[in-house]
Amino acid sequence: MLRRLLFVVLVLASCRPSGRPAVGPPRRIVSLLPSFTEILFAIGAGDRVVGRTKWCDYPPAALAVPSVGEGLPPNVEAVAARHPDLVVLYNAGPNVTAAEQLERIGIRTVLIDLNRLEDLGPATRTLGRLTGFAARAESLAAFLDSLSHQPPPSSTTSTTLAFVVWDNPPIIIGHGSYLDELATAAGARNVFSDIPAPSAQVSLETIAARNPQWIAVLSDSGMPSLPGFAKRREWRAVRAVRDGHFLMLPGSLFGRPGPRSGEAIRQLRALLAR
Amino acid sequence: MLRLAGVSYRYPGASRDALSAVSLSVGPREFHAVLGPNGSGKTTLVRIALGALQPLVGRADVDGRSASSWPRHDLARLVGVVPQREDNLFPQRVRETVLLGRYPHLTLWGRERAEDHAAVDRALASCDAQHLADRWLWTLSGGEYQRVRVARALAQEPKLLVLDEPGMSLDLRHEMGLFELVRGLVEMNGLGVLMITHDLNLAARFADSLLLLEGGRPVAAGAPAEVLTQATVETVFSWPVAMQTVDGRPQMIPLRQPKESRP
Amino acid sequence: MRWTLLVVVAVLALVASVALGPAAVPLPELLHSDIVWNLRAPRALLAFLVGGSLGVAGAGLQALVRNPLADPFLLGLSGGAGLGAVLAIALHLSGPWALPIAAFVGALAALGLVYRLGLIGGTGRGGALDPRILLLGGVAIGAFAAAITTAIVALADAAELRNAFLWLWGGLSGASWDSVLLVVLYVPIPLAVLLAASRPLDLLALGEESAGYLGADVEAVKRRVYLAASLLTAVAVAVSGVIGFVGLVVPHLVRITWGHRHRALLPAAFLGGGALLAFADTLARTVVAPRELPVGVVTALIGVPVFALLLRRWTIA
């Protein structure tokens, strides 16, 4: 009972009410985050999606939906041109302004938080409620909730890794970001989980000293099998670079929390077991 | 040493010549002064004489060679210049700034030698400025600073000294002192001197030869008594004057305008 | 005496740079540590070389443009380098040296443009380099390049390009024995050119006309000093981004003790700049460990108060 109440409060807190009374579930939805697009298709509301960002590339059916450009910040005119009755946005600064602009021209918007694994369940339930597919959303949400309740890995036996998103200066992923949670869920330990920020610049010597067994890099589909910095002399001070222990993670699957997060965790576990 | 023959020059884009058919010759032990109202081409003459500008007509030679073909380094060993303005950016002591005059005698990587410091001492002595050697430049009076600049030019050990309006902002005592100093350098050290000045009277008293310019043209040249006649001065400077003689040299005294025609 | 002190300070800065760092390497293991030899040692040396080059370039430029506020990055080189780097990323140029080479080429392009702007009266013998126009042209070209860079970043795929800006803020993370070797082979010639111009630079302080009458070949000196200082700055940007304040503040600090004679000032500026940057890099690596600050931020945080103190000194004196 209390949990349900908490859930309702959270949903209400992350939603912005529109000024008009609802007239049935929306039939023309613009999704401004790849994760939301995936969730909408997953719960069966895919044919109601009439606009997406250029980054929304999954499922393949989403590619048939017209793109309205970048998601952050969104092109308000392009969004309005799709005549939506609901626009779903990721809750961040520039999007708040865009949402206000859309509301002013009479378009209903909703801002949803989606930063970590535990946001997936609530986000899915919200979208389910809004589109009228609450039942299907609930089963997906329950599964996604279970992902974030994995036991933390023990520091003596689990594999260690570091996520490197930029090489010069070296920028790694720290605690509190989605990738860090993926690592934990896959049974690995992020050597930089002591840094409380989602991303941070560190010295190369710190990476070398902490000696992760794997270096994980988010890649695009067209990229080579090794990142560019693998050949740089100073990076070879890191053992994982010397040994070629790179995890090339496709950005589309690993870069965004969504219905495929379970798949991402599974793939990561498999890669780590090699 | 310095010879200009029939020199004409016009600045790019100007409507008239800055200098027109000017001839001049300065040898050792000669003190030449160039006079004329503002805009008569005096500074242009100095630039051409030193090779900074090339004459459009005529020649400007130093020691038989065209002034502009002299490498700067070698020319600086022959000619010492005290320009009108100096804009010293950094604080310096007198000795350091006079030492800069030794540049044309130094090699690229070599240090300053004993003979360089000796030359500096001699230059300061000639200008009666040894007592200023360790002072900071900014603490000097106008007259003292001018002496130091002359000393720097002397440190080059030149045969010819060129001064552009050196007495400009000096008071009576210091201006007289400067002219006495230059006269002394001519007579004792055997230098040739070319000086631009607007002070007709002092030029007439101290110089051996005058060149009077107007609008870039030479109006009169020669001994002071020949050049500075009442008629000439009144025409060139557009002002009534009376002439007197002091020490055998002409001196001009400007007259006041009569009451009715005063502006 | 003061030279001894300066050398001691420089050596201390280098030693600290090698001995201190976020990865705790105990003293006995220092000489055997892989981290020390492959990461810290080349990084310390690179910091010293880059800092020294910027110090000398700054001193030379301040004399050339007769402006105590001149900093090597006023000449538009950083804008050109940033544009080159961003273009390299936007065009997906690959290879470990793609970014530094692109930045170097961009810096040279800016150098060429500003030089051409600063030459009055043609490129031949009759042309004279006007230092005021060098300054103004540098600011203009730098701003122009920065605007184009920002436009590219705004229009293209954003994430990677935003990281390029972090690189531009200055960092010695890319230091390796390769880059140290490159810099060691490259800098002696521009440094020698600047050192050879020491006396003419002293003369230039009196003004171009007076310097010419004292025997300096003023035009040749201006060109050489400008090109040498710019080439030093270009290689600094290419290997370590834009590190400000070193070229501006170090010459002034050194002048306090060594005066204005460039024969002493330039070598002292090299040692002082090297020591300062090595020290700043050590701070950048250790103050927020395990995280790291961009070294350009540290030099700015040190440089601004020092500069304010210097200004007070001038206005009181």
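Note that the chains take the letters A, B and C in the order they are written out, and that residue 1 is the start of every chain.
In the analysis below, contacts are C-beta pairs under 8 Å (C-beta built on N, C-alpha and C of every residue); 3 or more make two chains touch, one makes a residue touch a chain.
Predicted model only: the values in this text are computed from it and were never measured.
Asker: What are the mutual neighbours of chain B and chain C in this structure?
Answerer: Intersection of chain B and chain C contact lists gives nothing.
Asker: Sort the chain pairs by how many C-beta pairs are in contact and tell me the top one.
Answerer: By contact count, the leading interface is A-C.
Asker: Which whole number of Å gives the spacing of the CA centres of chain B and chain C?
Answerer: Spacing between the chain centres: roughly 44 Å.
Asker: Between chain A and chain C, what's the gap in Å when you average each chain's C-alpha atoms?
Answerer: 41
Asker: For chain A versus chain B, what separation do you get between their C-alpha means, in angstrom?
Answerer: That pair's centroid distance is 81 Å.
Asker: Give the residues of chain A touching no fewer than two other chains, as numbers and ranges.
Answerer: In chain A, no residue touches at least two other chains, as defined above.
Asker: Using the touch rule from the top, collect the residues of chain B that touch chain C in their complex.
Answerer: 50, 52, 71-77, 79-81, 83, 85-92, 96, 100-101, 103-104, 106, 108-109, 152, 156
Asker: With touch defined as at the start, can you tell me which chain C residues reach chain B in the complex?
Answerer: That would be residues 66, 196, 199-200, 202-203, 205-207, 209-210, 212-218, 255, 260-261 of chain C.
Asker: Which part of chain A faces chain C closely enough to touch in the complex?
Answerer: Interface residues on chain A, with respect to chain C: 165-171, 192, 194-195, 197, 200-206, 208-210, 224, 228-229, 231-234, 236-237.
Asker: In the complex formed with chain A, which residues of chain C make contact?
Answerer: Going by the criterion above, the answer is residues 21-25, 34-35, 38-40, 42, 94-96, 98-99, 160, 163, 166-167, 171, 173-178, 285, 289-294.
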